[in-house]
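As written, the chains take the letters A, B, C and D, and residue 1 is the first residue of each chain.
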Amino acid sequence: MFRARRQIRFADVDPAGIVFYPRYFEMINATVEDWFEHIGYGFADMIRRDGYGVPLATIEVDFKRPSELDDWLDFTLDVKALGSSSIQVDITARCGEEIRLIARPVLVFVKTEATRPVRIPDALREKIEHYQRGQA
Amino acid sequence: MFRARRQIRFADVDPAGIVFYPRYFEMINATVEDWFEHIGYGFADMIRRDGYGVPLATIEVDFKRPSELDDWLDFTLDVKALGSSSIQVDITARCGEEIRLIARPVLVFVKTEATRPVRIPDALREKIEHYQRGQA
Amino acid sequence: MFRARRQIRFADVDPAGIVFYPRYFEMINATVEDWFEHIGYGFADMIRRDGYGVPLATIEVDFKRPSELDDWLDFTLDVKALGSSSIQVDITARCGEEIRLIARPVLVFVKTEATRPVRIPDALREKIEHYQRGQA
Amino acid sequence: MFRARRQIRFADVDPAGIVFYPRYFEMINATVEDWFEHIGYGFADMIRRDGYGVPLATIEVDFKRPSELDDWLDFTLDVKALGSSSIQVDITARCGEEIRLIARPVLVFVKTEATRPVRIPDALREKIEHYQRGQA
């Protein structure tokens, strides 16, 4: 299973000494970005070369425990559902065994000039399905 | 009703030309911050002087339509439920009449040295209830 | 003279309680963005419609005094030199009478597909010169 | 010599497709943070435990060439001068052999409750001097 490791840095931490939550969404976004690269369709190709984008339709996040400066978090990504133009994933961040957050974004595949959902291209669909099969 | 107006700036926009969603969470956070100031308990008092914090327990966001550079968004805040140590609000961002997003965060009132929920102080509870009564 | 007013918010402040300096550069960038809009050539036109950009060649910043949560800062902009493809400005941030920082960026006018300097268009040059004449 | 490697991600890139310069300052700050950890005095100890901070007095940056999505940058740090309460460093970012930027920050050692310069503690001074001796 895909795993991205990130350390909480000074820039991520608020005056109360814990992660400022908008920074978690940068980490969630970076996890999605790293995952697309991992399955073989990085953002440089997807967005800059091919003119696609993957904005969010919805997201739900459950913040289980706060994270502090220098904590190392492991982000994992599970594909939950693959629609004709949407991809629903679960992203879990753990510090050691402790779950820090679970995020459930629904990504929509769009042509960036139109910002309307388009069918996920077959070549990408196969990459995602390949990852899904390896999940278990 | 409380309303915060923000313009989408260059820093908020991704290479696809629309708001990079982690930036929406900074706007959502700033809306909460401005609202606390509006009801008379700003973050300088709450966090720096009194040692409280309002991290999120959960958040759900429904992204209805993308926003572009220079769009002016109006953020409104509705108190949906006031628990003994939690505050559930709805934040809606509109551009003109068009709804761009609806966010449903649940804030938890904590003592920052403990990061455990504490009872919302009566003085703050009264300010929030006062705002709630004026909502309709 | 052009002046942009900004309040220091929770997102701008580090665990030590003062502005995290990378956030100052967002404010400096936003001041430049607001100034271009002020003189009649906003980024939506310049960047998105016309395909220009204004990256920095160099910047020098003198941080005079720290800024804290809720401080209101006034950013002013002085055009110091207008070259064939570069614009040198002084940006000063004050809280009341107290100078907090002075930034001296040199902007380069580029075609974004080429990222090489191009001659500043005459229509823009006139707007900047018009602003310069009004500076004193 | 200390070297920190970072990849340019989607969050760092502006609508023109190159790094949005305020993000470079986060990378510069993170390089300083990683370097302090490297020499044995990380920010968790320095800032959170011991109550020190290292805000900037000044910074000069020379942006040599733009960076793009997915570029890998190597940040190196050279100690140029070590005063009684200030540390002057050169930070260079390269992509392969190509220099992308040179930043020259002057850090000031402060007690965070006072935000006034204090003498760099001897134990830290020795760590920095040790690093300096190994630079060549």
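Just so it is clear, contacts are C-beta pairs under 8 Å (C-beta built on N, C-alpha and C of every residue); 3 or more make two chains touch, one makes a residue touch a chain.
Here the structure is a predicted model, which means the values were calculated and not measured.
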Selected pair, out of B-D, A-D or C-D, that shares over half of its residue contact pairs with A-C: B-D
Chain whose mean Cα position lies farthest from chain B: D
Interchain centroid distance [CA atoms averaged], chain A/chain B, Å: 23
Chain B-chain D separation of Cα centroids, rounded to whole Å: 33
Chain centre separation in whole Å, for chain C relative to chain B (CA means): 28
Two or more partner chains touched - positions in chain A: 10-11, 15, 17, 20, 22, 26, 29, 47-48, 69
Residue ranges of chain D in contact with chain A within the complex: 9-11, 17, 26, 29-30, 33, 42-44, 47-48, 68-70
Contact set on chain A toward chain C in their complex: 10-11, 13-15, 17, 20, 22, 69
Sites on chain B touched by chain A in the complex: 15-18, 20-23, 25-26, 28-29, 47-48, 53, 55-63, 66, 112, 115
